[in-house]
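Below you'll find the structure I mean.
Letters A, B, C, D and E mark the chains in the order given here, with residues in each chain numbered from 1 onward.
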């Protein structure tokens, strides 16, 4: 199995080739897009250059940064809150059967209430405020994180917990050194999916009742069918995520997975 | 650790008490809702009875079943497609480093393109058709499943794969008896989150370009700020999910988890 | 065009346009003109523009700003007047706000986004009349129309600028208009009603199916005429309107009737053009795109209302 | 460390299988008790009950309630995501620097502090697990077949280290082994378990002077005498087949 | 089964540690070869290379390319989500019904077909793993310390079963053990490995008539002579300490 994944520390040279391996599919996509857009010659499928142009002028005008900043702030805050609460809830439910039984129905319910509904209700009951917006997003996201972490907590190796118990590890050590490492895969998938999902929910929430942010902007663009600008704003956010992946998530994951060999 | 989860086959009596343990938090919530709604006495917070009433009349008129049926069909179809493709992609990427590198950027991109954008583009390019709607949902969901399964595939126990290799198991046995059981936790969290998410995306897709389905109805109700009906339709869907949980997902998960003790 | 021509109209299921279509269907106004009318119900305003561009419907209702903007981008849509009714600024009946100048420091809810045309006109008006930049002097918040109405009713915004039929509901619930659009327009030097929303379709499609479209517009006119005079017709429409009380019903009926364009003033096009210029100045590129002036052909040349008598 | 007092009326697993029935013994503080019994008898189950990991049984076990326990499990059970050094420090935070180096050197792993368990051979993992059980000077030391999977000389040297530790800090030791000579050479007392739902077949005090070598005459003779006196003592699990 | 031919110039792990250096030997078809070496020498590594699981080494290994291999790993490595019966059927689909019952009975697990691995004791799991390696009549049988963790009588009976199997279907056997007497009593030939990056220290042909009992005079004498002739042969990993 020579193809198998082995996240060893890559040499600088390998790092270069790795970056390239990651980049060319994107470039290919860009090229494809360009060719198709040129062929189609439709306003609903702008060329990448047109999108870049829109991106650039939005950047130059400062508008993009302002709205993106607002959105990122909301995303960051909601993300932290939702992860914290969701992870806690998920572990609790995965570990203790009683809690699982008691909260399962509520979790399923929370999971399946449309974002539209929670958002509207939050806005109505708590006003068209920033905290109502954050609350709406967090409520939407918590069940997803909890569902994921619950499965993780259920799959934790009982043998290793026995070691922790017999050697009387403190709660914090038990959690951070025995429990958590087994949940990393679940945490990473939750974090990645979570960021993406929260960004999408923030868009809806901004669309419905905020006066700034990318969602608000996209709403206006959408009204006039300005696909170019919509794509520009979407890509700006995607670029932030790419940075986050390359600078934080991927290195962290590689580090934490070193022991897998 | 007497509190720990042990999904053994429950005796009939225990099953009764378990059902009860699952039910009372819901009833409590209902009661709380009722009391708060009576206090608030606002059109934006109808009592559960009012919602039930709306549910009943929508059911009696056949409207609910028609629209719910349409939505469920879309959800089911998109769910199957997205899971199939997402699981395949995730396993491929988790297992083979080359694929992971090649597709990672595209995955992240796909993950972070707003549902609104893909939906509009699908509708514009492929017409306002059923298949465009399904396509939009599937495109939105695949990256989420893939992200989750990729983590799962990465965490697969290499020792057991060695056993499969040395004993020359067929590909299908290797997949179904060695690989898949290690992915069950990821599959279950993907399935649960997936159903919920797909239902939410289907709502958006219906809102933007279908003439039937729960999303279409909710759009209309929103027009009149008819929270009662919105809640009635949301709860109808949640009820379907509850059934699915109780009759399919939970029993299946318990069965597949028997070996955990 | 042949007698069995079919026309697909995309409308909000419970939108005001659907009332008129319902009248058309009830009285076979299209059929008797040899037109097969197919109503495609949709769930949101954006859904109708998507449907039009996706080729799923032939005609929707939108405004000429949208049309001009699309034309500037090379998508030749055209417009035929449908209604003159646009929103007002609504405040609580007992509110201390007496004039636009009083909005200073108050929160004002605006439907849709910052490029709502009434909002832009109000901005221009405030600046011309009071020298006030209302965008910064007041606190504008933007929300979807139904949500905005709820916020207005629960007092979470001090004033609301919504679409007319939502205003009607507010009025029925004890709010009063602070300023109506004609007044705003008058303040800006346009003292005659101008058409604001209309039937929108692709220009090339319209030219190829001129006959079909004309029959449809004629049917629309006949339906409007019926709705203008017959109260019984409105009683029939009542379930579709989903009014919770009679006051709302009456407000909606009157609002609709007031918006019916019966004739066109000789200087209407010029007025529209000057309103467009004002909008372009206030809204900027974001609103009008690359076009600085009303695009030639925005108003479809195949349809004309009778000219209004000079008053 | 108080007297260890074990009284297990019955231990049943949830699937109904009964692992232990009517097993009782006491162990003086500092006593070295070996436990010998056929595969599947219930030795591991017994250690889990004594360590407090399994509380779902009929009967009572008394250890000093706050006794420090060192438990060398039947499998190494190292945390795979922690290096050797981190695995040891997890249990005994003082196991760093020179103390760690010395300890690792004693078990022949001086260059392995920074390796992950997957990078060790089976026997090396077991040695780390043993160190983990020794390091924090336990008052009760439970060892489940500790020297399996080690070559004879290494096992011999580790046996000596165990005895040194025992003589230094006098923990009560429960030592499960399949090797009769090992049991006789190390322990004060050997408990022989029956197969099936196990109880004590023979409680044998080893009255030999220390030090005793594993392959010494005295130990071998005692083993032979024991087997002659109780021919069924080491009855395996395969029954009549032999 | 063709002649097994092993030639490993060097095996380095990605972290740079060198497990095997200059190790080469051939084994006739049907030969029973025991491998003895200190803990951490590279025995498991060697078996992994021979089985084809590890291809990242300098050198060449020739087995019959389609040889059926039975590998009893150092750990049981049962699929935890499959019952005993399912674990066996996974490897040999014909292992059902009477054949399965007989096989399980032979290793003393006749009531365990429906149990999951977690419900078995350590020794019971090893016996299932052994059955898995035997069942499909392998042409090459690799065993990594198979009889550790089993009581002496059980281990003895299983050794006999191994010999029966070997005599019946004549697989080439590579048998890793730490027990010199076990090696001498079972094998045609014993390879002694050096510590560190291991190679073959001594390739010893066991010229004793069969059957040979583990504790027979002849075996014990041969072991003693061997150790006298090569005092360093079983040098452990702890070096000078002893």
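By definition in this document, a contact is a pair of C-beta atoms (placed from the backbone, for glycine too) under 8 Å apart; a residue touches a chain by one contact, two chains touch by 3 or more.
Quick caveat, the model's predicted, so the values are computed rather than measured.
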| item | value |
| --- | --- |
| Most distant chain from chain D, judged by the mean position of its C-alpha atoms | C |
| Top chain pair, ranked by how many C-beta pairs fall in contact | A-B |
| Mean-CA-position distance for chain E and chain A (Å) | 49 |
| Rounded Å distance between chain B and chain C, as computed from the means of their C-alpha atoms | 40 |
| Separation of mean Cα positions, chain D and chain C [Å, integer] | 86 |
| Junction residues of chain B - those touching two or more other chains | 6, 44, 120, 124, 165, 218, 222, 260-261 |
| Chain C, residues touching no fewer than two other chains | 46, 53, 144, 147, 150, 154 |
| Where chain D touches two or more other chains, by residue | 75, 119 |
| Complex contacts: residues of chain B adjacent to chain C | 42, 44, 120, 123-124, 127-128, 132, 206-211, 215-220, 222-225 |
| Residues of chain C touching chain A in the complex | 46, 49, 53, 66, 69-70, 73-75, 109, 112-115, 140-144, 147, 150-151, 154, 156-157, 286-287, 289 |
| Touch list for chain D against partner chain A, complex | 48, 51-53, 68-69, 71, 73, 75, 77, 79-82, 86, 90-91, 116-119, 132, 136 |
| Interface residues, chain B side, partner chain A - complex | 1, 3-6, 18, 21-26, 29, 44-45, 94-98, 100-106, 108-109, 111-117, 120-121, 124-125, 143-144, 147-148, 150-152, 154-155, 158, 161, 165, 185-186, 188-189, 192-193, 195-197, 199-200, 203, 218, 222, 227, 230-231, 234, 237-238, 241-242, 245, 257, 260-261 |
| Residue ranges of chain E touching chain D (in the complex, touch as defined) | 13, 15, 17, 36-45, 74-75, 106-108, 115, 119-124, 127, 144-145, 148-158, 160, 178-180, 234-239, 241-242 |
